[in-house]
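Two complexes follow with chain A in common, the first pairing it with chain B and the second with chain C.
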Partner chain A sequence: MTTDITKENPEAAAVPPSGAAPAENAKKVPQGHRRLLTRRDRITLGFMAGLPTILHIALVWVTALASIALAFTTWDGIGFDSIKWVGLQNFKELFEQNPQFWPAVQHNVIWFVVLIVIPTPLGLFLAVQLDKKIRFSRVYQTAFFLPVVLSMAVIGFVWQLIYNPDTGLINSIIGANEPGKYIDWIGDPDLNLWAILVAASWRHTGYMMILYLAGLKGVDPSLREASSLDGANEWQTFKNVIFPTLRPTNTVVLVVTIIEALRAFDLVFVFNKGAEGTELLSILVTNNIIGESSRIGYGSAIAVVLLLISLVVIIPYLVATFRKERRA
Partner chain B sequence: MSTPTATLGKQRTPVRPGRILLHLFLASMALVWIGPLAWAIYSALRPYAETSEKGYVSWPDTLNFDNFTNAFTQSDMSHYFVNTMIIAVPAVLLTLFLSSMVAFYVSRFDFRLNLALLLVFTAGNLLPQQVIITPLYRLYLLIDLPGITMSGKLYDSALGLVLIHVAFQSGFCAFVLSNYMRSLPHELTEAALVDGASVWRQYWQIVLPLCRPAMAALATLLSIWIYNDFFWALVLISTGENMPITSALNNLTGAYFTDPNLVAAGALLTAIPTLIVYFVLQRQFVSGLTLGANKG
Partner chain C sequence: MQHFTPSGLSLPSPNRRTLLRGIGGAAVLGAGIPLLSACGGSGTASDPKTVTLGSKASDPVPKKAFADIYAAYKKKSGITVDVNTKDSNTFQEQINSYLQGTPDDVFTWFAGYRMQFFAAKGLATPIDDVWKTIGDNFPEAMHKLSKGEDGKYYFVPLYTYPWAIFYRKSVFQEKGYEVPTKWDDFVALCKQMKKDGLVPIAFGDKDAWPALGTFDQINFRANGYDFHVDLMAGKASWTDAKVRKAFDLWAEILPYHQEGAVGRTWQDAAQTLASKKAGMYLLGTFVAQQFTNKADLDDLDFFAFPEIDPAYGQDTVEAPTDGFMMSKSPKNKAEAVKLLQYLGTPDAEDIYLKSDPSVVHASTKADTSSYTALQKKAYDMISGAKSLTQFMDRDSRPDFTSTVMQPALQKFIRDPKGVDSLLSSIERQKKTIFASS
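== the complex of A and B ==
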């Protein structure tokens, strides 16, 4: 008998779960959409998502995968017969023999370090100042942000007017614009990367300022009030209250800055076509296409290095972002 | 209530000298930031003969717009502006159209692969362009389009540039728009669904009109990005005739290398459309930049 009762009890206990079933259904309500969709709707939806996806995957992802495949081949680009599998030879040559490769990697790293150490904190500092609801805030913002609106090519030309050895602003001011006294800001391999980075930082500061201003707008004003009630000074409030709440913005800023450093191209190309002292990975890839020698496999190997470095940034960022999305 | 206002009032007064210092600092920084552009304008306004005689850092005798008119007429700039428009206008419209459809699909329905699809788009937009350029260049050379493009290929054609701009930028736009659409209440489309509205109607007449602010912000941002593009045009366009304005400028400087004043004028002319767009649509531009960024 007792066993019967216990046997009965679970069954009785099984009733509430069946009662909970509607709740489970309620959770799945959006799924019900699908049943409501007519055949035509489903075709429409397939078209709406399919067309853009095909275009995006064909031009972006298929080519990215093709880059990886081509990196293990040699190909002169004339006919498909000349494609030959060479294994890791391109990479070997790249790492061991190409005199431009390691400087390019180094310059990409320097590019990132400079952007994150100088214009990024400066942009944050300016954003904090402009966030104080001061007068003429709009005017200041426009001045700092203006370079971001310009194309990198235009920025390159504008800064050449400053760096030009004989007609440029700097040499004219310091009297180095005569033969024999020239300081060659664009040509000297010890100077040119830094000269270009000044121009890049000029632009990056405004970009960072805007991102941080948007982030600061999202900071709850009551936090600030509470901290001033606690007697914290401006620096303490910033360090202990404001900055920690800017975490999402900091993530974006970091990702944007790394990607900008990896993408850096236009400015250098306009300045001196990536000649000695300003080699970058992006320049090396491009030189294999628009230069005289078309070494497709070799160029792709450099692109793969660039891809791998970017994925180290892109993947963790996307994982974090999309995990948040799913929760939301 | 009275305590916080009292403390605030107390803090306001001694802050004043600090405010003046802050304004001095910000104003001088702003001047430094405007400096390079101001210098370019100053150089462009002076005749080359004068600067070569007196030096660039000197007081001007004559200031005029000759360099601007010369740069505009001698280099056939209007032609390159038209080239840019032929690329940028369809590219912006198509990007918005296609990415809004993807965003609608991803954000308003619960299909299993939605998140993965959005991930593919978003990640694609983060790749450096050089990662895909070599195969893309080869692909463009392979695709024959006789009679459709001037070059008979996808390479060296406006169509080719439009396609890669759309493919690349739709990643960013799909991400931003899907976030935006997700914030719209589900009841809106559910009511329409019950009334028997087709999926297309829900998209075109309900969701899309509500996305107008986000679309406007993205349109502003995309116009400036695509107008400013240098890289795609540099690699995928070979004929000088077909180049958009930014890469054409690069070609032209060779011819005017001896006259930096003329180069300055040319570069500034190139920048004018973006500056106009920025000053007119400033709010949209900035909100577009931060729409994507705040979600991180």
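== the complex of A and C ==
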């Protein structure tokens, strides 16, 4: 890099000496835009706009479209000539034969519903309480927000210490690690998804709390004053005055939660690698694509399903947003 | 004029410079992408005194043991082995793109189907000339393991270790148990252990692969080595009555396995054997790593999985074998051949085992005088075997074992009654996977 800079310096110095130039320039400004941009400017601009565009197209669009195209092929990743078109075969196989696919779709949906129903109201509740400027507010705020700072993988490790069926906290306390009374939090498909969702909610609550707290700080204090003058109690004030003003925050919360539900991966992967009961679409994609003899076509088909689900959610949101902007 | 254009479109020069620096950075990044995907193939192409070697031995003990071999080779031949070590999981995940990019001349890999898969794809060089000199060092079973589907050699084995049933000598002595050699004795022993308040068979399948080992043992004891090979290669059907029989036998002993296996790692299961809460444990010899107390380790012993069908006896041993292969177009082929010839000698194996005593020699000519009792037994078991199998995911397509078999066996462990629909589901998925390439 240093050589680049030194190379650049003489060039920069070689810019025509100032003096006559600005005056000349100033004279010509009214005559049109063209002269405003020198050749160098245009090259620079070309780089500024062109390079990100190329990178964006190459890394986002080409890969996304390639992955859609690959969904209709089989490919083991070895040489391009081994790509074979199979039409809808991958999808047929996915829908009809893969015993993990439908559970995975179902679990992604459950993930979203649980995050909306439990941690979101809880986060709102905590935010409202903290917004009252109670004592030690900062301490509570930090405590609840702390899990959000941790990576999901770390959260997975921490909660495994709690759920480990032999040596974990819960089973040790309630004595459920003995034969006969055994509770297998990680292996039992009726339990493990809920066990993981508790861990996910633990983190999500803090996230929601911070979002709502930011929203509440933006509520005009005079609204509260007015409603208390009107004789509204605390609940009425919240329900009829404060909550409606949180509408933009709610939109953000909804979007964030949808994203969290669709990208759910790391926590489960650390917890039990998506074993029975905790299958997720993202984990199926990974298991099929990464590895020694990968099923890239099949994995891409699962990714396309994930993409379609995302679009079903995102398109209505974008349509609504654009409509609002047009009205504004 | 660069500095003060009225439109503000042109940037002040310091910013422009940082911008250009950014572009330079992006260019470097762009150039870095193919490098990354090629897994950093070494650039010492023309140096005749160097052979490059890609290694997955990233753990400290094997890493040092391998380094000792290469150091000894340099002393002997004057050739430098330029080692490119990567985290073993990453190495395995990227092997595909690694071998297609600019791989090192020689790389560490596994014997069996996984080796044959890349050989059949043309991503490895046949090394029949190497085997001309090292052939005598290895038993017949190792010869069989080192050949590709085309009958040519592609692999040089270095070390191996068997799977067996581990137990504590003191527990067996105290309770008067005898090592079972027949299936019925084994089941009777399980019953007795349960009565005595022990967990008969320790079991942890959280990582999803240990159950593959249990299936392997039951399957080749009941149906023989050839059926195992056919089944793993996708030729035999999973709905065959023979497979069903293996699962029935498994279901018979499943109640004697440790409860909640899918939530437990093999390390935790090994602890129940170490603490004498469990009577037996089916695993590879690496289970000894969990016996950190010297007295406990000395108390550890193992026996071969009991006979099920007298026609096959106990003649098959599951013994995953690690070694080396040559990439498709090595830059320094002449020296790579010589290196592989050295790696196939008993000397190289001796050096390795000096630093890593958890495994045994693949060669029958190596020095076994420093072996521990466990190693001696493991060595005898392997050299006395008629056929050696690899672990299921090394004997079959890894994509099949990881995406189909691992979840299927976890399902079976919890719900052995659903075996029929499970087997037909395995068979359907197998057909599409094996048909794909």
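General observations
Here is the rule we use: the second predicted complex is superposed on the first by the 270 of 328 C-alpha atoms of A that agree within 3 Å, B and C clash if a C-alpha of one lies under 4 Å from a C-alpha of the other, contacts with A are read in each partner's own complex, and residues count from 1 in each chain.
FYI, a contact is a pair of C-beta atoms (placed from the backbone, for glycine too) under 8 Å apart; a residue touches a chain by one contact, two chains touch by 3 or more.
This one's a predicted model, so the numbers in the text were calculated from it and none came from an experiment.
For chain A, the partner with contacts to more residues, out of chain B and chain C, is B. Legend: residue contacts after superposition of the two complexes on their common chain; A:L45 is shown touching both chain B and chain C. Of the two partner chains, both chain B and chain C are touched by A:L37. Legend: residue contacts after superposition of the two complexes on their common chain; A:I290 is shown touching both chain B and chain C. In the overlay built on the shared chain, the residue A:T120 is in contact with neither chain B nor chain C.
Applying the stated contact rule after C-alpha superposition, one finds that A:F157 touches chain B and leaves chain C untouched. Contact with chain B, but none with chain C, is seen for A:F144 once the two complexes are overlaid on the shared chain.
Look at A:S227: by the touch rule set out above, it reaches neither chain B nor chain C. With both structures placed on the common chain, the touch criterion links A:L55 to chain B and to chain C. In the superposed model, A:T167 makes contact with both chain B and chain C.
In the superposition on chain A, the residues of chain A contacting both chain B and chain C are 33, 36-38, 40-41, 44-45, 48, 51, 55, 77, 164, 167, 288, 290. On chain B, the positions that touch chain A within their shared complex are 3-4, 7-8, 11, 19, 22-23, 25-27, 29-31, 33-34, 36-37, 39-40, 43, 51, 55-57, 98-99, 101-102, 104-106, 109-111, 115, 117-124, 126-139, 163-164, 166-168, 170-171, 174, 179, 182, 186, 193, 198-200, 203, 224, 227-231, 234-235, 246-247, 249-250, 253, 260, 263-264, 266-268, 270-271, 274-275, 277-278, 282, 285-286, 289-290, 293-296. Residues 1-2, 4-7, 9-11, 13, 16-17, 19-21, 23-26, 92-93, 95-97, 100, 114, 117, 121, 123, 199, 206-208, 259-264, 268, 272, 397-399, 402-403, 407-408, 410-411, 414, 425, 428-429, 432-433, 436-437 of chain C are the ones touching chain A in the complex.
Residues of chain A touching chain C in their complex: 1, 4-5, 8, 12, 15-16, 18, 21-22, 25-26, 29, 33, 36-38, 40-41, 44-45, 47-48, 51, 55, 74, 76-79, 82, 84, 89, 93, 97-100, 163-167, 179, 182-189, 192, 272-273, 275-276, 287-288, 290-295, 297-298. Those residues of chain A that touch chain B in the shared complex are 30-31, 33-34, 36-38, 40-41, 44-45, 48-49, 51-53, 55-64, 66-67, 70, 77, 126, 129-130, 132, 134-136, 139-140, 142-147, 149-154, 157-162, 164, 167-169, 172-173, 177, 199, 202, 205-207, 210-211, 214-215, 218, 225, 228-229, 248-249, 251-252, 255-256, 259, 262-263, 265-266, 269-270, 281-282, 285-286, 288-290, 296, 299-300, 303-304, 306-307, 310, 313-314, 317-318, 321-322, 325-326, 328.
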